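Paired with chain B in one complex and with chain C in the other, chain A is shared by the two complexes that follow.
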Partner chain A sequence: MTDTLKPENADQLFDALQWAAAEGQSFDVRGHGSKLDFGRPMQAALGLDLSGLNAITAYEPSELYMTALAATPIADIKAALRQNNQQMAFEPPDMGMLYGGEQGGGSIGGAIACNLAGPRRVQVGAARDHFLGFHAVSGRGEVFKSGGTVVKNVTGFDLSKLLAGSFGTLAVMSHVTFKVMPAAEKTRTVLVPGLSDDQAMNAMAAAMGSSNDVSGAAHLPASAAARSGVSYVSGAGVAVTALRVEGPGPSVEHRCRALTALLNEFGEIEELHSKNSADLWQEIGDAGVFMEGDAAAGDSGTDQIWRLSVPPMDGAGVVERILGETGAETGGRVFYDWGGGLVWLGLKASPDASHEVVRGAVKPTGGLATLIRADAGVRRRVPVFEPQPGALGDLAKRVKGGFDPNGVLNPGRMVEGV
Partner chain B sequence: MKMPEPDADVIARRQQIIKAMQAIVTGEGVITDADELRAYDHDGLMAYKALPLIVVLPETTEQVSAILKYCHDNSVKIVPRGAGTGLSGGALPLADAVTLGLGKFMKILDIDLANRAVVVQPGVTNLAITQAVLHEGFYYAPDPSSQIACSIGGNIAENAGGVHCLKYGLTTNNVLGIEMVLMSGEVVRLGGKHLDPGGYDLLGVATGSEGLLGVITEVTVRILRQPETARAMLIGFPSNESGGDCVAAVIGAGIIPGGMEMMDKLAIHATEDFVHAGYPLDVQALLIVELDGPEAEVNHLIEQVDAIAHQAGATYVRISQTEEERQVFWSGRKNAFPAVGRISPDYLCMDGTIPRGRLADVLNRITELSEKYDLRVANVFHAGDGNLHPLILFDANQSGELERAEGFGADILKYCVEVGGVLTGEHGVGIEKRDLMGEMFTEDDMKQQQRLKCAFDPDQLLNPGKVYPTLHRCAELGRMFVHEGKLPFPDIPRF
Partner chain C sequence: MTKIKRINDDLIGALRGLLGDRVSASEAVREQHGHDESYHEGHAPDLVVFPETAEEVSEVVKLCAARDVPVIPFGTGTALEGGVAALHGGVCIDLMRMNEIVRVNTEDMDVTVQPGVTRKQLNQHLRDTGLFFPIDPGADASLGGMTATRASGTNAVRYGTMRENVLSLSVVLADGRIIRTSRRARKSAAGYDLTRLFVGSEGTLGVITEITLRLQGIPEAVTTAVCTFEGVEPAIDTVIATIQSGIPVARVEFLDAVQMQALADYSDLDYPIGPTLIFEFHGTENGIAEQVEMVKAIAGDFGAPEFHWVDKPEERSHLWQARHDSYYACLALRPGAKGQATDVCVPISRLAECIQETRKDIDESGILAPIVGHVGDGNFHVVLLIDMDDKDEIARCKAFNERLVMRALAMEGTCTGEHGVGYGKIDFLTAEHGEAVSVMRALKMALDPKNIMNPGKIIRV
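== the complex of A and B ==
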């Protein structure tokens, strides 16, 4: 266990980073540590535990924003928002199950640093799209800020976008400001049973391309559907394609009818209401329940999991190609979110995580593959994030150098040696 | 406005540079004649003009790459230019820089309805993207009021907004990918038809970077299905306060309209005289609220907004009954700038953003400043997201009026920052707000932003003199200033 520093406020955070910059120390930076296995294993000298930076410092419901210290628990933020009938529209997933930790954990800073997004990404974007501004300390040990509390803001470079998804490798955020949105009055989910993966891509494209404002489009092949905790889904006995609509009551009813009419040709349509609907989309966003192995069948559930971001219509084709080439028996651990544009794929463990096959299949689509779960040893050998060769990789290194030239922050978490 | 001192050495090499450019872009793509250069001597910020060294109009990514590589190797500055409609002087030429115009990049490359994406060249206008997919029932959501003329490449450079971004997001939320040429001539692709960025979100920082990081040569945007219906409401108020209250109350009730615009009395009268949209003339503030979606939803929300408006003290409410009437409601707002142009020889258009709750406060402050500077001001703004566009009326032919108008504008923007807002919501910093950056950012904030610039363009050849008031050399920015390192704890708990 490495020594860990635990600053209790932004000033102490500054002190710690000043010291580290001067002494050539390095930190592995964590909020609540719920996503430490996301990314490459780090080679830091010390831990930097931000869990003391925990408070909502500004919340203006009518201004649609909140400012919080970086390690404020997501759970606390959700509770505060619920009191005003609001939400974080990007639905930060709970990765507890996926990484075998506690559920209900995670901090707002962690969600932003990993640029997480749930099923609503297709409609409202990811954490990056809701992240308005921050205060941070760079790896140079300098305090800086960017953005503000308002949505429309083009004053200077949009460094919020850069810090979202930078996995703590550029700067340590002390305060984050993010958009909050009204929670929908009503939610319903239209279910289309029995579609093949290919048919499902078409059904989801038809729904997403309609004027029904679909806020979630996922396809669970039969073996994935069987793992759902929602009985209507697990009991279907076949694949289930799910489409979510949210909004004022009359509108939701109208759009469900319209979707049913639109998708009738694909099969018998069913609907999920309030709680069942909410549970299903939580499961889809968190992904864990569909990725776990079946212990009874001798499946340890420690398999390697890929998260593929591809053009939506390419989702099923990419999976078909990967499985064709690996010949892997997947144990049913594949499902599609974002209308086919996000593929969760669990493969049997192999020393190289079949990364050449996976990335070879994804590459022609222009998309990318992330090895979101594997043993530390595998994540050390196999690039976790899509490799960026040539000019792009060089550029990314120079960007890192501008914020953290001495490699103080999360060394090696995204790219080996950076 | 002080621009960087032109480099006499580069100007002396003009003929040599022209030859090199002509070798890359054959035909008529290199403009050197003073009369022809004059067409490029300003952008939408009319008050500032300068002749470029030359203008080059390439047609391919390879040409852009070769131009940038030559300029990089020979220390020649570049000013990228889209359609030249920008309002902050971001495309203002420099006497020692090549203006690189993207006006010949006019092709729509790929319409992919199943993936809801369109790939275009950067010179394609904002409106042309929508027109290319409208017959299929789709559209591109961000709609800056210059959409008929402004280019998508320029929209990305400025992170353009428009009346619909309250509900559908800004350019940054609607662009999926770009191809960009770095100052070194290297070509990178960021994003695509998929959603996640690989590695750092460089697409995110390129958006709104005002031509300081690279030259965009291809763009992928997401398109949306058109809503089933849209209806607009005209709501008149006896005071700015009641109008501002209504805006806050609508948002507070959980309603995100497709658009929510506000105009003050001078703007109402100017536009009504110009386009006869039927606006009420006996109100102090007018809101246009648009609700879109399925008819059931629109009708439901109109009832709610109507009730909120009356509660806030509205004295006038009209709801569009037909699509034509909805268009008429918008015609006034969309023509507000030219309408104001009719009642004054010149105007400056400001662009601050403020918290919605401070609308009335800021409007009152603007009224006070209007008296102080003895200049009229018409206010039109995207009220839903607190983005103000005060139009300061002046006459450039009257000695000192431009300076007075600029002083007035600067005071408005400073007040925006004071109440928790920002200097610019959608027009960019450019040269116009460059010297106000210190109102919002510390020296360290700006240095860190410029270090990002150094990663893209270490010699600072791309669009220098824009956005940042002080040009630091990258070597200087890269230096570390470290304190003698004793861990200044005991304060920090260790484990």
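== the complex of A and C ==
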């Protein structure tokens, strides 16, 4: 167990980093630690626990933004927003189940640092697109802020976008400001049962290409659908393709009708109402339900989980190729989000996480693969993030050097030795 | 300004060897490449080169880097903060000969272009695909320049800015190496978001040689309405309430009475002269009808003005072209004057207050300055029409602009919503961001240690 520092406010955070920069120390940085197993195992001397930085510091619903200390629980933020009928449109997923922690954990800073977004990604973009500004301390021990509260600004380099998805390797954020939006009055989900993966990609493309403002498009092959907690989905007995429509009541109804008409040729259409829709899309965003093994059936579950980003129309082909090459005994569990552009794939544990097969299948499509879950030994050997060769990798190192030249923050979390 | 004197026959010879007659030292070409469309003083580069491939750009940068000679990328030169001025001399790289549309992927709704393709050229090309590219600064700018300045336009409320719509880039770095920032899959998580590091970097980190952009489906239905109000306040209050209720309007533009008069004169626009909103809705017939009802109800609460529906496609494109030409319409209000377009952006809830105070300040300063803006984003421009021979007027405009920026910053806004920093707003950047400027400087030094990429812009090294 390494020693851990726990700053209680932004000033103490600053002191901790100044000290570390001066003393050549290094930290593994955590909000609630809910995603500590996302990324490579770190080689830091000390822990930096931000959980003391917990408060919403600015929230006026009419302003359409919120500022919070970095380790404020997402659950608290959601509760405050719900009271005002607002939401974080990027739907930060809850990774509790995936990482064997508790559901409902996770901090806002962690969600932004990992650039995590849920199913609405196809319509409203990633976490970073909702991230307006921050206060942070760099690995050099400099306090700085960037961005602000407005939706548009062009004041120099886009540091917010750089910090989103940097996994705490560039700077430690103390405050984050992000967009909040009115929650939709009504949500419906159009379900198309029984499609093959290929057919589903086409159906989702047709729906997304229409003017119906689809805000979620996922495909659950039969084995995944059976695991859903939503009875309409698990009871279907076949694959289920789901399309979400949100907005004011009448508009949702007529868009559902338009989608039904559009997708009729693919099969018998069903609809989910608000509560079931909310549950289903939460499951899809969090992914855990579809990835875990069924203990009752004596199945210990899948140990290694990949998240593949591919051009939407290529998803099904990539999965076919991977499962074909790894063999049936890998027990592939799979489902598709983001209209097919995001593939969740669980494989039985192997010492190299089948990474050559997985990356070999993804590469020709121009996609990339992230090893979301595997034990520490595997994550030390196998690149968790898609390797960046040559000049691109050098550039990333230079960016790291610009913020954290001495490797104070999360050493090795993204790339070995960086 | 210190001029770097390393442009010698050796460099010129090497460039000629590489590009033949696509190297120019002519006075006229240099002068034309030294300034943009703003009032900022121009600085001509020593040479202008016209590469046709990324490899040629890479070779040019290598030749310059070996001699510590500055490199300044140039698109259509329509920017407004002096970004292309060769403050320290050097070689201007004009990218307009790289104007090929490389690949359209209709299924995945993206397109890859070279930097010299302009936004209108792209949309012309997409005409039969059912897709379009929504970012539309007033000028028919190059997509390379738009990426470099992180441009936006009238569609940003619904479709975002260049920040949200650039998927991937090829860039020639300061040492001449060419990189591709990400692969074709949009939702990448391979490492730092290098794509967006270059979006808005104004040529200070590298030369953009290829851009992959997200496209949008042409909406099934489009409705446009022009709405004249009794005063500025009810107009802006209507915008605020519309945005706060989450109605997905595609465009909402504000033009004050002076600006409407300018458009009537310059573009023969025939609407009442008064504070005006132009709304546009994109979607399905039913969806739009519903949005229109909601916006009409809101406008009703603020004095219920008439909505003038613009249904005919020709009438609609005339209206938007007039809006896009508003800067030129302003210049025509005062022939001989130069324009200074301010660019603050404030949180939407503070917009009415900010515009009111600014209008009052314009009147008290005795300057001619229409207001026009992408108000759905909280962004508006005051176009100061300045007689550059009148020292007192220049001083008054400068003081006015400083007050405007400070007012926006006090409201937690920004000095620039879309035009960028160039060399015109460097000092405001420090006022707005303080320490972040030194972080940006560290980043600049890490990526361009010799400071040859468009030196003197965004930050001073």
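Note that the second predicted complex is superposed on the first by the 409 of 418 C-alpha atoms of A that agree within 3 Å, B and C clash if a C-alpha of one lies under 4 Å from a C-alpha of the other, contacts with A are read in each partner's own complex, and residues count from 1 in each chain.
Keep in mind that, in the parts below, contacts are C-beta pairs under 8 Å (C-beta built on N, C-alpha and C of every residue); 3 or more make two chains touch, one makes a residue touch a chain.
Fair warning: this is a prediction, and the values are worked out from it, not measured in the lab.
K.L.:
Do chain B and chain C fit side by side on chain A after the overlay, or clash?
P.N.:
Clash - chain B and chain C, as placed by superposing on chain A, overlap.
K.L.:
What is the contact status of A:L36 with respect to chain B (first) and chain C (second): first, second, both, or neither?
P.N.:
neither
K.L.:
On the A-aligned overlay, A:V289 touches which partner chain: chain B = first, chain C = second, or both, or neither?
P.N.:
Neither chain B nor chain C is touched by A:V289.
K.L.:
Check whether A:V150 is in contact with chain B, with chain C, with both or with neither, and answer first, second, both or neither.
P.N.:
both
K.L.:
Which partner chains sit in contact with A:P248 here, chain B, chain C, both or neither? Use first/second/both/neither.
P.N.:
both
K.L.:
On chain A, which partner touches more residues: chain B or chain C?
P.N.:
Partner with more touched residues of chain A: B.
K.L.:
First (chain B), second (chain C), both or neither: which does A:A22 touch?
P.N.:
In the superposition, A:A22 contacts chain B only.
K.L.:
Under the contact rule defined above, give the chain A residues that sit at the interface with chain B and also at the interface with chain C.
P.N.:
Of chain A, residues 60, 62-64, 115, 121, 125-126, 128-129, 138, 140, 142-146, 148-159, 161-162, 164-166, 170, 181-182, 205, 209-213, 247-248, 250-251, 254-255, 258, 309-313, 338, 341-342, 365-368, 370, 385-386, 388, 390-392, 395-396, 398-403, 414-415 contact chain B in one complex and chain C in the other.
K.L.:
Can you list the residues on chain C that touch chain A in the complex?
P.N.:
Chain C reaches chain A through residues 105, 107-109, 149-150, 152, 156, 160-161, 163-164, 173, 177-181, 183-194, 196-197, 199-201, 205, 217, 219-221, 243-246, 248, 282-284, 286-287, 290, 294, 345-349, 374, 377-379, 412-421, 425, 429, 432-440, 442-447, 458-459.
K.L.:
Name, in rising order, each residue of chain B that touches chain A in their complex.
P.N.:
Counting only chain B, the residues touching chain A are 112-117, 137-138, 158-159, 161, 165, 169-170, 172-173, 177, 182, 184, 186-190, 192-205, 207-209, 212-213, 225-228, 248-249, 251-252, 254-256, 293-297, 299-301, 353-357, 382, 385-387, 420-429, 433, 437, 440-442, 444-449, 451-456, 458, 467, 477-478, 480, 482-489, 491-495.
K.L.:
Can you check the complex and tell me which residues of chain A touch chain B?
P.N.:
3-8, 12, 15-16, 18-19, 21-23, 47, 49, 52, 60-64, 85-86, 115, 117, 121-122, 124-126, 128-129, 138, 140-146, 148-162, 164-166, 170, 181-183, 185, 202, 205, 208-213, 247-251, 253-255, 258, 309-313, 338, 341-342, 365-368, 370, 385-386, 388, 390-392, 395-396, 398-403, 405-406, 414-415
K.L.:
Under the stated contact criterion, what part of chain A meets chain C in this complex?
P.N.:
On the chain A side, the touching residues are 60, 62-65, 115, 121, 125-126, 128-129, 138, 140, 142-146, 148-159, 161-162, 164-166, 170-171, 181-182, 205, 209-213, 247-248, 250-251, 254-255, 258, 307, 309-313, 338, 341-342, 365-368, 370, 385-388, 390-392, 395-396, 398-403, 414-415.
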